[in-house]
Amino acid sequence: MSDTTVEHGYTADKEAYLRRLRRIEGQVRGIARMIEEDKYCIDVLTQVSAINKALHAVSIGLLEEHIAHCVVGAANESQLTGNPEIVQEKVQEASAAISRLLR
Amino acid sequence: MSDTTVEHGYTADKEAYLRRLRRIEGQVRGIARMIEEDKYCIDVLTQVSAINKALHAVSIGLLEEHIAHCVVGAANESQLTGNPEIVQEKVQEASAAISRLLR
Amino acid sequence: MSDTTVEHGYTADKEAYLRRLRRIEGQVRGIARMIEEDKYCIDVLTQVSAINKALHAVSIGLLEEHIAHCVVGAANESQLTGNPEIVQEKVQEASAAISRLLR
Amino acid sequence: MSDTTVEHGYTADKEAYLRRLRRIEGQVRGIARMIEEDKYCIDVLTQVSAINKALHAVSIGLLEEHIAHCVVGAANESQLTGNPEIVQEKVQEASAAISRLLR
């Protein structure tokens, strides 16, 4: 199911993703500190919403790159090989991932 | 807007919240590692969905405690003082927080 | 589980809710018409997002009124009767409803 | 931005989509009836969650077909014309639509 050898869509933006994830990691630690210090629950919830938003941005980026690279790459490959199944597989992976994010 | 001196609803479960946040922090680091190692984007997205779910559980817990402690506390206080405004304020804070989470 | 005889929090705004729901009903019919006329899928999706938003607004309104009326009402009642269980029940109903909406 | 003349991805499933939308329309009317009859707010909210879920299913279906037909179609076309811009446009439309649904 996973292929770890090829270059993925996000490889070019790798550093940007790692920076965003470090920031999110810091936000999670910030929430732990707020709870440690008995901060007001509504203020903690506001921070949780900020993390949700940051994670959504990461998801959208990864999905866009999955579609732009994996799906389109499979489409180009299937043009050469005449095999449409690899396209279907990549499309269904995308739609399953979107479905998990919407839940 | 915040009151940091009183004991909040979540104080009793503080350790449980801190444990859950440490686990979420580890999950965020795990995603960074996956990107570092060029893992497949769909597998990264599956992990992002798992964090979303864990954060939702934290949010629901904090909201339940806001309602059970802050809103109900304000209701009891307003019964004594005859001032309904503090209840309204807490209810609106809850509904604004829910609205931010739904977005 | 349901009590249909008492006046609920939303009773005062009943007409406003019914108007909003009639508008949402019209939006759903509008999407059916778009599909009937083979409109572009992305334009259909934009309309689905608009309905999601309108339904979220209805949900937030109903939740706010549940908290302001049912939870606070139970808090006041429990002050008189000394029975905290009815409060817990209403709080848990609220948090279960929020949880279903977040999913 | 829209193209209404070509056959879209969902055309084959048109009847299935129309059936699902008629059911959703009925669910919206059902909620209006519940409010009309002063049903318990939590029971109304449960029905709103059911509509959210049904709309999510419609969205996922439309997105999957956008990716499988519009994106893949553009990829095939760009192979012939050597113009990658149409692919980019379709991918960005998909990611913007997903972003609107996640909000």
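Think of it as A, B, C and D in the order they're written, each chain with its own count starting at 1.
As a convention for this text, a residue touches a chain if its C-beta (ideal position, glycine included) is under 8 Å from a C-beta of that chain, and two chains touch if they have at least 3 such contacts.
Owing to the predicted nature of the structure, the values given are computational and were not obtained by experimental measurement.
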{"item": "Rounded Å distance, chain B centre to chain C centre (Cα mean)", "value": "21"}
{"item": "Gap in Å, rounded to a whole number, between the CA centres of chain C and chain A", "value": "30"}
{"item": "Per-residue overlap in chain B, given as positions that touch at least 2 other chains", "value": "59, 63, 94, 101, 103"}
{"item": "Category of the chain touch graph - line, ring, star, complete, other", "value": "ring"}
{"item": "Which chain pairs touch, all of them", "value": "A-B, A-D, B-C, C-D"}
{"item": "Contact set on chain B toward chain C in their complex", "value": "56, 59-60, 63-64, 67-68, 71-72, 75-76, 79, 87-88, 91-92, 94-95, 98-99, 101-103"}
{"item": "Footprint of chain C on chain D - complex, ascending", "value": "1-4, 7-11, 14, 17-18, 21-22, 24-25, 28-29, 31-32, 35-46, 48-49, 51-52, 55, 58-59, 62-63, 65-66, 70, 93-94, 97, 100-101, 103"}
